[in-house]
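Two complexes, one shared chain (subunit A), two partners (subunit B, subunit C).
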Partner chain A sequence: MLGVLVALLGVVPVQAQKSAADGIAEYRKMLEDGNPAELFEARGEALWKQKRGPKGASLEACDLGKGAGVVKGAFVELPRYFADTGRVQDLESRLVSCMQALQGFDAAAIANTPFGRGEQDNVTALATYVAASSKSLRFNLPQSHAEERRMYEIGKRVFYFRGGPYDFSCASCHGEDGKRIRLQDLPNLTKNPGDGVGFAAWPAYRVSNGQMWGMQLRLNDCYRQQRFPFPGFGSEATVALGVFMGVNAKGAESIAPSIKR
Partner chain B sequence: MNTMKMLDRLTPWVLACSLAGCASAPPSAELDQQAVAAIKASFRDQGIAKVDRLNQDLGQQACSSASPPPPEVAKRIEEQALASIRWPAGGRYIGDWREGEKLAQNGRGMTWTDASAAAKDNGGSCYNCHQIERKEISFGTIGPSLWNYGKLRGVKDAADPASLPIVQYTWGKLWNSKSYAACSNMPRFGHMGLLDEDQLRNLMALLLDPKSPVNQ
Partner chain C sequence: MSDPMRIRAQAQGDKAVVRVLMSHEMETGLRKDSAGKNVPAWFIQEVNASLNGKPVFNAFWGTAISKNPFVQFTIKGAKAGDKIVVDWVDNRGDKRSDEATVT
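Right after this comes the complex of A and B.
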């Protein structure tokens, strides 16, 4: 796999001279045949079914919003309101709730674990599995509960909130069509940016650093580059942003897990 | 956030709701407050990036929505920004365009993974958003192209008094971009201490020196 990636990476500069964006798109297309996200997906499926944690239980009774144990179709309706926790949750924070309730893991300890380590790494694999089970389905977040509608409004305000030494908000980069940072295309997240773009593309495998990223890490790194302080895992602001982006993406086809530069 | 905290936060809305007859959603101003409370509760310090970065000044607050602030507010932001500009010591505006190009290429600084918040450790991040030197094809498009910036503005000699208005405008834009556009997307490099005077002089040279590749 590594040899293949290196060989493909070597192709990029040549294509970049022809047409940078086209070259990158072509490169991504080539990589789709061997997306390492599949390894995370397989591990996530095994983790879902495996009896684990202090309670020695699997996650097969976890309700992701469509009833206990229903995985297919759950991802494209998240974040949503859950009566048992009394709040709107995104995929990753919901998985952690299930890991606590069913398996006896400490949710706060997982939330404080750095991405890619210990149970946090397992959450990413599980999220990849759950997302992959909705591949090619279209986003359709529920907005019937008052708390879901409130969280959309909070998410909109979080999206436009300017702060930090650079005066950036999410909207500084993701508020208009057709913009780029360097050569990286930026989706306009104030509306449906299209099939498999923005919210409909994560979790994704990042070729540049060889890491699998869920939406929580995607948002975390956005905020790092926004020069903000550190957003808590599953925090209200991050979940509200998920509601805002997810509702805006209504009708967009999910391609998660995707592959990124 | 625990349930008690969430109830505390919802109380004013619930009260207003019961007094005024229940609407389907809390009113906009109440949501504004809830959003700020959610943001304050969601972030923590990490390295040099402390939560005080969430304390908004007038401009940040007024430019935090999909619609621009009212004209009188925008005017006040611009006036305050203009008054904040510190003009360079000795009236020396122009440095070395080669150093300016390096700064323009450098997108580092001020994140929680950076060790220092000192200006000397920061880049200008200019290419992230602008085309500048035409040979560099990896440029962003959030800001306008700056290719031929000085040439297009008729700057044949940046030290010529005839060039002073555009030289001063450019310094002001780099020092505090909000001087000319209240909700500009561009950081306030001088005002926020992101770059020091010498670094700004080098960026000035990149844009305005007739010998700079930008003006070829």
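Right after this comes the complex of A and C.
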């Protein structure tokens, strides 16, 4: 009897201590079943196969790093070095390169389009489709090319670079365990933050504003919150940060496209 | 033309659980655009579902339903192979109809 009582007493405080993060995790779990990211994934798949653009071609010949047209597994090995463009590219900048090379779109015009509009919206849908094709695979970014290692070092510097009116860096929020902004837990991105956390969770659907966000927009918003000038779409700084986070996340399981508050 | 719905229907015993994800803006009419003008209301008004042609579900929706709505319901007596058709009409008169087979 006493044992039961003790056991009960042992359980109650644990329940009472349910943190806000647990509550949010529960909420996310409930939403997962009807993740509207699936709608973007379906649209991205249709866009991938559709003949579009001035050249009237599909993206099915696009090389995402695993050979022309190979989508599955490509996401967990990006950003990587591409010989044809001569630079390290992340998923979104690579998609734009393919849209230019194969379909005849103007890459600079897409890069200057605000997120969520016109072709930029299509890039997000395509990125969602490509990322979803690597769901539950583990991150394994290549670091064999000198340029990939150089980008990792640049990414590390950008990550720790303090500046702006708040004297912030990425590391101010994402350099330690257990930090949060209001109720949002912040992943420690200086190491592998775990399966489906940080780099392994984007693109994601944000319930609060009903928008699909790719990594480029995620980083853009991080810089907005730091009151930095906005980095250019697909710029070297953003890709370098992608390499830094992606290499650090080696072995983490990708859950993208995920769902966020 | 709106994007297709994602419909999944799974048989569970003598019932089938249907999950539908719709692609729609669901504007409330209360939001203002960057020029300060009201964004006109635009939402799904009616949702219907049928099992092998027989109506089984009917709902009238308003502006309180979220963007890209998700709806789940259970149909008694549905079994694998049955055909489910879901359609909606919005306040602009736009329609969308998609079907799925119970698995």
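The criterion applied here is as follows: the second predicted complex is superposed on the first by the 242 of 261 C-alpha atoms of A that agree within 3 Å, B and C clash if a C-alpha of one lies under 4 Å from a C-alpha of the other, contacts with A are read in each partner's own complex, and residues count from 1 in each chain.
The rule we apply is simple: a residue touches a chain if its C-beta (ideal position, glycine included) is under 8 Å from a C-beta of that chain, and two chains touch if they have at least 3 such contacts.
No experiment lies behind these values; they were computed from the predicted model shown.
Superposition of the two structures on subunit A leaves subunit B and subunit C fitting side by side, clash-free.
Once the two complexes are laid over each other on the shared chain, residue contacts for A:232 go to subunit B alone; subunit C is not touched. Within the superposed three-chain model, A:67 lies out of touch with both subunit B and subunit C [touch as defined at top]. By the touch criterion defined above, A:157 reaches subunit B but does not reach subunit C.
When the two structures are aligned on the shared chain, A:54 is found in touch with neither subunit B nor subunit C. Shared-chain residue A:167: touches subunit B; no touch with subunit C. By the touch criterion defined above, A:33 reaches subunit C but does not reach subunit B. The larger set of touched subunit A residues comes from B, when the choice is between subunit B and subunit C.
When the two complexes are laid on top of each other via chain A, the two nearest Cα atoms from subunit B and subunit C are 12 angstrom apart.
In the superposition on chain A, no residue of subunit A contacts both subunit B and subunit C.
For subunit A in complex with subunit B, the residues that touch the partner chain are 16, 20, 86-87, 146, 149-150, 153-154, 156-158, 160-169, 171-173, 175, 178-183, 186, 190, 223-225, 227-232, 235-238, 240.
Only residues 3-4, 6, 19, 21, 23, 66-68, 70, 72 of subunit C touch subunit A when the two sit together in their complex.
Residues 1, 3, 6, 24-26, 31-32, 34-36, 38-39, 41-46, 49-51, 53-56, 59-61, 63-66, 110-113, 117, 127-129, 137-142, 178, 185, 187-188, 192-194 of subunit B are the ones touching subunit A in the complex. Residues 33-36, 38-39, 42-43, 207, 210 of subunit A touch subunit C in their complex.
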